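Presented below are the structures under discussion, each in the form of structure tokens.
Here come two complexes built around subunit A, the first alongside subunit B, the second alongside subunit C.
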Partner chain A sequence: MTALHGVRIGPVGLRFRLRPLVVPLVALALTVFAVALSIRLGDFPMSVGDVLRVLAGAGDATEQYIVFDLRLPRTLTGLLIGAAFGVAGAITQAISRNPLASPDILGVTPGASAGAVGVIVLASGFGGVASVAGAIGLPVAALIGGLVSAALVYVLAWRRGVDGYRLVLVGIGVQAFMLNLTYWLLTIGDVSQAGQALVWITGSLDARSWADLVPVAVALAVFLPLALVGAHVLGALQFDDDTVRNLGARVELSRFALILIAVMLAAIATAAAGPVFFVALATPQIAQRLAGTARPPLVASAVIGALLVSVSDLVARTAFPIELPVGVVTAVLGAPYLMFLIIRKRREVRA
Partner chain B sequence: MTPRLRAEELRLGYGDSLVVDGLDLDVVGGTITAVIGPNGCGKSTLLRAMGRLLAPRGGQVLLDGKRIDKMPTREVARLLGVLPQSPQAPEGLTVADLVARGRHPHQAWYRQWSSDDHAAIDEALAMTGMTDLADRTLDELSGGQRQRAWISMALAQGTELLLLDEPTTYLDLAHQVDVLDLVQRLHGELGRTVVMVLHDLNLAARYADRLVALRAGKMVAQGRPHEVLTEDLLREVFDLEAKVIDDPVAGTPLVVPVGTRHRT
Partner chain C sequence: MGALARRRRRRIVGLLVLLGLAALACLASIAIGSKPIALDAVWHGLTAPTDTENDIIVRSLRIPRTELALLAGAALGVAGALIQGHTRNPLADPGLLGVTSGAAFAVVVGIFAFGLTSLYGYVWLAFLGAVLTTGLVFLLGAAGRGGPTPLTLALAGAAVSALMVGLISAMAVIDQQSLEAFRFWRVGAVAGRDPVIIGQVLPFLAVGLVLALANAPGLNALSLGEDVARSIGQHVLRTRVLGLVAITLLTGGAVAACGPIGFVGLVVPHVARYVTGPDHRWLLPYAGLIGAVLLLVADIIGRVIAWPGELQVGIVLALIGAPVFVAIVRRKRLVRL
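On to the complex of A and B.
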């Protein structure tokens, strides 16, 4: 049998195939390259030697400022939110058994947008509300909005268990509600706030600092290992519920734990950079096709998500006369891909 | 003999409706039991409850004398395997991956592979004649091959008890016989205890040691095929006018329906 390889070391045993191992490694190499480019390029180009010199602690104050305060935190934030969205998307798609599902469907990103726009709009004016909104701060409001909205989706989709299909349907409803709430908030704010809010809900890495980076790094450090532990159950959760139960998996508990991981990752990433369109949706599908597996692979999704956001931000920052929000680039890349998926799906349904 | 699997005063239902009402059933180890009855009589519901996929409204299911709902679900999964009526797998899954998934109850997140797994998977594929198709994806297979792949998965699970919900649905007669011959071999060569829901009465009589006839969620008769498949019972359970003769090949009862055209 060619398809199955396994290794055993003591009580630890893993099954592996070559392609799913090679894909993340290649993607990782490309990501390192993209990160290196991203630190070098910009209004103030630097050579690799310059960057290495500055990283080692040398270089003048300007160079230090550009590398450590501008480019490095921005680049690394992009990298980490890409990884977080990738894993969150992979888990969501595996659980809902639907390649069109993403944390948007779980309510996370629309809820986070409503929370963030709420703070932006309400922080000025509106009397007492303003001080409260200002004190909460934008990332925290986004996080709360995302988590509340995800909880709403989960509770509304619950009917003696959560079914993947019902989760998607309820999620679309909550998404519509949150979007309209966001638009309403935009209309009551003044024009400059609306502009600021729109940049945020497009997803932007502009002026990200270490303070934005740290929560995402912590979230990944906590939830990525948990997701990898859960990956074994995730493989079983892809079958119909009777088959999953037959295999001795605790369906509702595992599903809840994995959805929680996806929601936390997506909410914290959204709080850091806004809902960067299509990353969570397209990444797992790209990873799955490249790795040739039957479900979105978690590690490959993390690395490809990081690569996608890194490259998109590099393009958004350097390819045009004006700097674009990264969400515009990922949307331009992602929209045709989404159409391709839908058309392919329709063909399958007809066939 | 003490039963391996036992249902006591089982009451089952979905939503507001009660499908099975007060049913007792003993499944003795090393036998093949076929559950028969008209559409909607609660056959599949009964099988799902016996395999702890459905929580009973009342009564209980005992596995080796212990309440199945009180046992850890992984422990149950190492003793009892259920093949649902129309199981669903993700797109693009290969036969080898499907069958390997049957090892889930024997694995943990840090131990996803062992030589036992390898042996069980190879054996399951060989037993069902799927070895050569191991690298195909499920959507590339014919209905009969797909059914054999799912049975392989249930086999790889390595359970002594197997509950099969209509393993022959959507298959032509030759493939039905093929699948049931396989079930017969699991029983004969590996000593598995099998409970299956079957629609074809003649095949049920041919392959099962015991028949259980249900109507409207109640057990009407159980016993050896000759005791259960009688002309009176067919009328009572299926509202079917039929002659029962001896199967010229196996000597088991053979149901020959009368139908309106030949009614006298």
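On to the complex of A and C.
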């Protein structure tokens, strides 16, 4: 296991474990590298010097356009939604004490999918519905769908307080409803709409602009610090409710605040890029295993989420003859890595 | 002892009531459909079939469909109870170990790479995919000397499923033909499956059910914790493997015939547990019967609700079943795993 390390500066002594600090730092360095590569590479490859020149304001109009209007907003959007999904997943797993939980269970992503696919399918045809659906637009429809369905989960799970177990069960019900609504909507449109909808529900960063980036950036700026403040409560919330009360934590309020944070982060990230598959589920588990902590660590989850999505989008954009949605690659990259970690951890224990 | 005997009697009565409900649902499923057929004509088709249109509808459409709903519902209910018992996770559904996504993956590969379009072909591919994927998940979850634990199995299953779903999305995004076939297979239906398909999956489902019931006492012991189970003479690994084989046969068979029907295996065990508590010897039969009734009723509703069209049973299950499930969760005291 990880050893304790100590620092002593005059009268102030600090003891800490090294791995939980090193893991996010290494992941951050890798993320920066992935972002830099992602700005360089594409149908119009650039050298490092080119990129730096364009970033400094030089370069011709085409280069300016490619860097500032195409690659930079897309890459940064990927980075930020990865972080948002990572934190949302870590909070959800800690609160529900369940490694299989993700914001799906809070209703956010299934609701957002139903909203977005509804708009895609209904936007052509169906008379009056079409104009309304078209006017709302995808991100707003997804945001509304996600928030409504999350509110539904919380309200339905409320019976003199929200019990973690009941929250999970109600979440299962709402998720099943929304998912099957989505599958059904997929069968009533024509096949090109179904294709468009499938790309959206897999999660895609194609053609994301600054307008998609800004809400995610604001959400992270507001909620990530709040989540870190509330993080110490997560430790207490891992126990069952009676224990938590005896420990003196204000259970309901803290839990509500943390769920709200997870919901907002996941909903806004989903509105920007779709429910990028597997990130919110796998990232906290990967972070927890790498950092060697007892529950999913928030900062490490954020950074590793950002890393996973950044690398995946780079691969999705450049590795194949045609561009794939990023959600395909997050699963294909993330799943084997998580499996590797599970196996390696057990080998260590044996040794 | 009196209380114990009373509880036992109540459980037996409950089972009989469920059996009666299942029989009623079967009859209703044969009698009700897009084409209204009078009850005496239905009876005629059942007992003394001639080649009238009504008789043909009853015998070649409604009876196979009813049989399949009954079988698949029972299989998924039992498989759900098994997987939740083995993983001790209320979020576990029979697809957790990759059965469903493996089946779906194999079907999409069949469409994508070989242009397969017939339901007969899907059955074998889906079953093969289900078995191979579960095997992979088990190997991953069991890697290392600790053997398979619920947590590593669940995580390995989630990871492998995610991988499969990612690859399915990739194929469906690239190839419109695959998407077109897949989006209709994906919703899950019991309509349009003929007796040949039922014959193909029936042996697997039957063996799966027997193995599941044989697994019940061992699973009860395991829920005391592996160490306790070992100390009272349980062979932990054998019990786990037996359970996994049963889950794979039951779920693989059901998915191969109907496509992924998700809600039954996840929710039915929770409902059954309210009645029986955690004793798997009772829980499994209850889950099977409730699953069968649920699937039959959902299929009937699907025929009526969009008349003269039909809504696929998988959709009906979730859209009507989910609110009912939430209501139950809110009302009752929860029986934890």
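Convention: the second predicted complex is superposed on the first by the 317 of 351 C-alpha atoms of A that agree within 3 Å, B and C clash if a C-alpha of one lies under 4 Å from a C-alpha of the other, contacts with A are read in each partner's own complex, and residues count from 1 in each chain.
In the analysis below, a residue touches a chain if its C-beta (ideal position, glycine included) is under 8 Å from a C-beta of that chain, and two chains touch if they have at least 3 such contacts.
Please read all numbers here as calculations on a predicted model, not as lab measurements.
S.K.: After superposition on the shared chain, which partner residues are touched by A:315: those of subunit B (first), subunit C (second), both, or neither?
M.R.: Touch partners of A:315: none, neither subunit B nor subunit C.
S.K.: Using the touch definition from the top, say if A:195 reaches subunit B (first), subunit C (second), both or neither.
M.R.: Second partner only, subunit C.
S.K.: After the superposition on A, what does A:52 contact: first (subunit B), second (subunit C), both or neither?
M.R.: So A:52 meets neither subunit B nor subunit C here.
S.K.: Identify the partner contact of A:156: answer first if only subunit B is touched, second if only subunit C is, both if each is, neither if none is.
M.R.: second
S.K.: For A:222, select first, second, both or neither according to whether it touches subunit B, subunit C, the two together, or no partner.
M.R.: neither
S.K.: Specify the partner with more touching residues on subunit A, choosing between subunit B and subunit C.
M.R.: Looking at subunit B versus subunit C, the one contacting more residues of subunit A is C.
S.K.: Touch check for A:21: first (subunit B), second (subunit C), both, or neither?
M.R.: The answer is neither, since A:21 touches no partner chain.
S.K.: In the superposed arrangement, does A:176 touch subunit B (first), subunit C (second), both or neither?
M.R.: Touch partner of A:176: subunit C, not subunit B.
S.K.: Just subunit B (first), just subunit C (second), both, or neither: which does A:329 touch?
M.R.: A:329: touches subunit C, not subunit B.
S.K.: Can you list the residues of subunit A that meet both subunit B and subunit C?
M.R.: Comparing the two interfaces on subunit A, one with subunit B and one with subunit C, no residues are shared.
S.K.: Touching subunit B in the complex: which residues of subunit A?
M.R.: Spelled out, the residues of subunit A in touch with subunit B are 1-4, 6-8, 11-15, 97, 229-233, 235-236, 238-243, 245-250, 293-295.
S.K.: Any idea which subunit C residues touch subunit A in the complex?
M.R.: Contacts found on subunit C: 89-92, 96, 140-141, 143-146, 151-152, 154-156, 158-160, 162-163, 165-167, 169-170, 172-174, 176, 179-180, 183-184, 186-187, 262-263, 266-267, 270, 311-312, 314-315, 317-319, 321-323, 325-326, 329-330, 334, 336.
S.K.: In the complex formed with subunit A, which residues of subunit B make contact?
M.R.: Residues in contact with subunit A: 48, 51-53, 72-78, 81-84, 86-94, 96-97, 100-102, 104-105, 107-115, 117-118, 121-122, 125, 131, 134-135, 137, 157.
S.K.: Write out the stretch or stretches of subunit A touching subunit C in their complex.
M.R.: 98-101, 105, 156-157, 159, 163, 165-166, 168-170, 172-174, 176-177, 179-181, 183-184, 186-187, 191-192, 194-195, 198-199, 202, 277-278, 281-282, 285, 322, 324-325, 327-332, 334-336, 338-339, 342-343, 346-347, 349-350
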